[in-house]
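Next come two complexes built around chain A: one with chain B, the other with chain C.
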Partner chain A sequence: MTRARILQWAIVLGAFGLLEALCRFRIITPFTMIPPSEMVVSLIRIARTQSWFAEDTLYSLRNLMVAVVIAVFGGYLAGLVVHALPRLRACLDPLFSSYYSVPTFILYPLFIVLFGIGPMSLIVMGSVFGVVAMISATLTALDRIPRVLVKVARIEKLGPLRTIALIKLPAAAPHLFTGLKLAVAYCIIGVIAGEFILATAGIGRRLSLSYNNFDNATMYGVLLLILAFAASVNGALNVWERRIHRRWFR
Partner chain B sequence: MTARGRMLDYALLGLALYAGWWALATMVGTDALTPPNRTLERAGELLSTASFWRHTRATGTAFAWACLLSLAGGLLIGLAVGLSRLATEVGEPLIGTLYTIPKITLYPVVLLAFGLGLSAKIAFGVLHGIFPVILLTIGAIRNTKQVYLKSARVMKLTRTQTALHVLAPAIVPEIVTGLRIGFSSALLGTLVAELFASEEGLGFILIRAMEANRVTDVMALAFLLFAFAAGVGGVLLAVERRFHHG
Partner chain C sequence: MSSSAIAPARADASASERDIHVQFRDVNHVYPARAGHEAVHALGPIDLALQRGEFLSIIGPSGCGKTTLLEVLAGLVTPTSGAVEIDGRAVQGAVPDGVGVVFQEDASFPWLTVADNIAFSLKRAGMEKAEIATRVDYAIGLMGLTRFRKAYPSQLSGGMRQRVCIARTLVTRPKLILLDEPFGALDQQTRLIMGEELLKLWRETGATVMLITHSLDEAALLADHVAVMSARPGHFIEVIATGWPRDRDSRLASTPEFGALTSRLWALLRDESIKAMGPT
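Entry: the complex of A and B
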């Protein structure tokens, strides 16, 4: 293990240790937060005893996966189109850049009207929230393709489709990956936010239910699960990204 | 492109959005989705009420604090971490993870810790805004072209000279990007906190309208918020362009 790795673990463990101590010594009261060790215990207990656990987790996971697929592919295609039309892009840029400063999920009730209460609304919510990150990343990625590569494509007389497939996609891949990571993160937020507001099932709904019932043990157990899930997905994508980068920029 | 050509493009885009919105509203029914003309009318009415401005002021206060703390704090932490190679290697993945966790799930924790009110909103705003600023500052330093630093070494510049004349101009454009994203994220955080955890502010009247199913109010408020964010976003983007080209 490298020195940096060891230090990272030390920081993470130290932070949890500090939190544990603060909770144990009642500097943070159990009404505010339960000690991290009890969160783990609570999560294990929920997973083993509650019948809703598997259902709600799978429900959210499935919706999330569909939302990510739509956001990533839809965002990539939309990015290609917008990149090809500079005038449209000039108009849309301020919209894209301010998109994430407004809580888009205020439009969730509209999705419920359009798609009903169920997976469809949550999927749309997730992908609508994630797609703009992917569009922006695609635009940046296409901008950063070296001119010379595009010229090579022209010299080789490649058609537009083959230029995309053989030159643009591979050249943009490392930067597209950043978009993928962001899109996943935003899809998680979108799906969970939708579940907070109104849903028939899902892990985010459990979180808000247990908060409303002052059930701190369940709430922190579920919270731990969501945060650990998001962190490990991000970690896995980071590892993958580093591998791609190593291969591309050797 | 000329300024007039650009205005024409904006007008065309606006027209297209207006038509799409109107078509959708007609399709799903005006009770479910308020058509644009009625939304704009309602937005105009809201702008002339005193209570709207009271809530706007509440949001503005919270946002100003959240923004200030995110930008200043993020810049300081980013510089402190970014200027040391070990700290970057250790800190960047950790901060990156903090950035990507769905912070919206933390609203019960923020509520329990800070209660309803201004401090919860500021805390939530900072929670959203500070990490992108830190990350982009670190990234800006790391992405500085090695050849710049090598030239500084070749010219035998001191550390201060290198920082002042080479590093600072090289990282400013990306830091401006960081500030813009920090600004948007802090606004999002503040509004989200108001949706779930407050007694005044634009987010608060929005969630009230949503719960009472006052669709027109939801649409009008969403429109005003988006117009504000897009307006400021456009200005910041223009500033950023100037830095990137200059």
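Entry: the complex of A and C
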């Protein structure tokens, strides 16, 4: 472990310890927050005893996965198309650059009207929230492909599809990763928040239910689960990204 | 080299007119105006006939249109006017068969190892694995990259990356080899050695070679003809026959003929280079 790594762990553990102490000494009351150690215990207990746990987790995971696939692949394909059509790109640029300044969640009621209270609305919410990050990253990534590589593709007589698969995709990979990470994070936010607002199932809905019932133990257990999940997905993507970067830019 | 050997090009053209590989006829290229940029007349008029198996080097001041010329011939750029033919067939912005190009910029694929970079075109052509391996091994040896066959381009120096690109082009055994300052990133010694390897390959394969270089020595040493380009819009001010034997090597560089040739090239190029650097 490097010194930076040790320091990072020390800070994280220190923060946990501090929170634990504040809760234990009732400086933070149990009505506000339960100690982190109890969150872990609560999560384990929920996972063992509650029948809704597996159901809701799977429901959310499935919706999330579909949303991620749509946002990432759809975003990549849309990026390729928009990049190939400079006029269209000029039209859409203002939309892309202002997209995340609009609270996309105001559209959620609309999605419910259109797609009903079910997986569809949640998937749409997640992917609509994530897709533009992927489109923007794809555009930047394609812009940064050295022109000489595209010339090589032409000399090699690669058709448009082969050029994408053999040259443009790998050449853009390091920059596409930024988009992938953002898109996944936004999809998680979109799906969970959608469930939180209105849904028939899902871990976000559990969060909302336990919050309304003043069931702090369940609420913080579920919260911990979501945080841990988001953090580990992000961590895994980071590891993968670093591996690619090391190969490319050593 | 007799003084007649430095006579203007094509004095002897009628003798071997039969086997023309590449023909430029009154070619001009103007890059169209874009937002904030005026149109640039980059090239022309160019008239040139390359014999099959000929080695031509091209020198000219920076920005005179050398790369444009090469890209027109490679089918990457459609010239604004004029005609380019390879084997009598028009190149109109479509990449012709049997052409290999080494670009001025680093065109190695950072996501592939040295060996995979070099094998790229061969794999795409559906060649047998054993044959690919033989050719790649040979090219890696030739380019002095044996210790780096599993390395990625990011682990190589600029000169080594350029050698990967040269190898990637040469393993396909193109009939027409276009090289755009391929040794630019190499030191003088490696340059000489690579030049000799290129000559050897040229002799063995009988390919037609067009080499763009900014080294007068290299141009003079390697080629059958040296074409000197003017400042932009680039056209040939003179095409000089070197008169070297086919089995030449770098020892030529110490002969008085070589000295005479390079002084002549420099005399031609000096004024153009000053023009190219001046305000336009």
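We take it that the second predicted complex is superposed on the first by the 248 of 250 C-alpha atoms of A that agree within 3 Å, B and C clash if a C-alpha of one lies under 4 Å from a C-alpha of the other, contacts with A are read in each partner's own complex, and residues count from 1 in each chain.
Here is the rule we use: contacts are C-beta pairs under 8 Å (C-beta built on N, C-alpha and C of every residue); 3 or more make two chains touch, one makes a residue touch a chain.
Since the structure is predicted, the reported quantities are computational estimates derived from the model, not experimental observations.
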Original post:
With the two structures laid over each other on chain A, which partner does A:Val239 touch: chain B (first), chain C (second), both, or neither?
Top reply: neither
Original post:
Thinking of the overlay built on chain A, is A:Val152 touched by chain B (first), by chain C (second), by both, or by neither?
Top reply: second
Subject >> Partner contacting more residues of chain A (chain B vs chain C) >> reply: B
**OP:** Examine A:Leu161 and indicate which partner it touches, taking first as chain B and second as chain C; both and neither are also allowed.
**Re:** neither
Original post:
Is A:Gln8 contacted by the first partner chain B, the second partner chain C, both or neither?
Top reply: first
**OP:** Check whether A:Ile27 is in contact with chain B, with chain C, with both or with neither, and answer first, second, both or neither.
**Re:** neither
Subject >> Where chain A meets both chain C and chain B, residue numbers >> reply: none
**OP:** Would you pull the chain C residues touching chain A in the complex into a rising list?
**Re:** 71, 74-76, 95, 99-101, 103, 105-107, 109-111, 120-121, 124, 152, 154-155
Original post:
Along chain A, where are the residues that touch chain B in the complex?
Top reply: 3-4, 7-8, 11-12, 31-33, 87-88, 90-95, 97-98, 100-103, 106-107, 109-110, 113-114, 181-182, 185, 188-189, 192-193, 196-197, 204, 207-208, 211, 219, 223, 226-227, 230-231, 234-235, 238
**OP:** Spell out the residues on chain A that touch chain C in their complex, using ranges where they run on.
**Re:** 146, 148-149, 151-152, 154-158, 166-167, 170-171, 173, 247-250
Original post:
Where on chain B is chain A touching in the complex?
Top reply: 1, 6, 9-10, 13, 28, 32-33, 86, 89-90, 93-94, 96-97, 100-106, 108-109, 112-113, 180, 183-185, 187-188, 191-192, 195-196, 203, 206, 210, 213, 215, 218, 221-222, 225-226, 229-234, 236-237
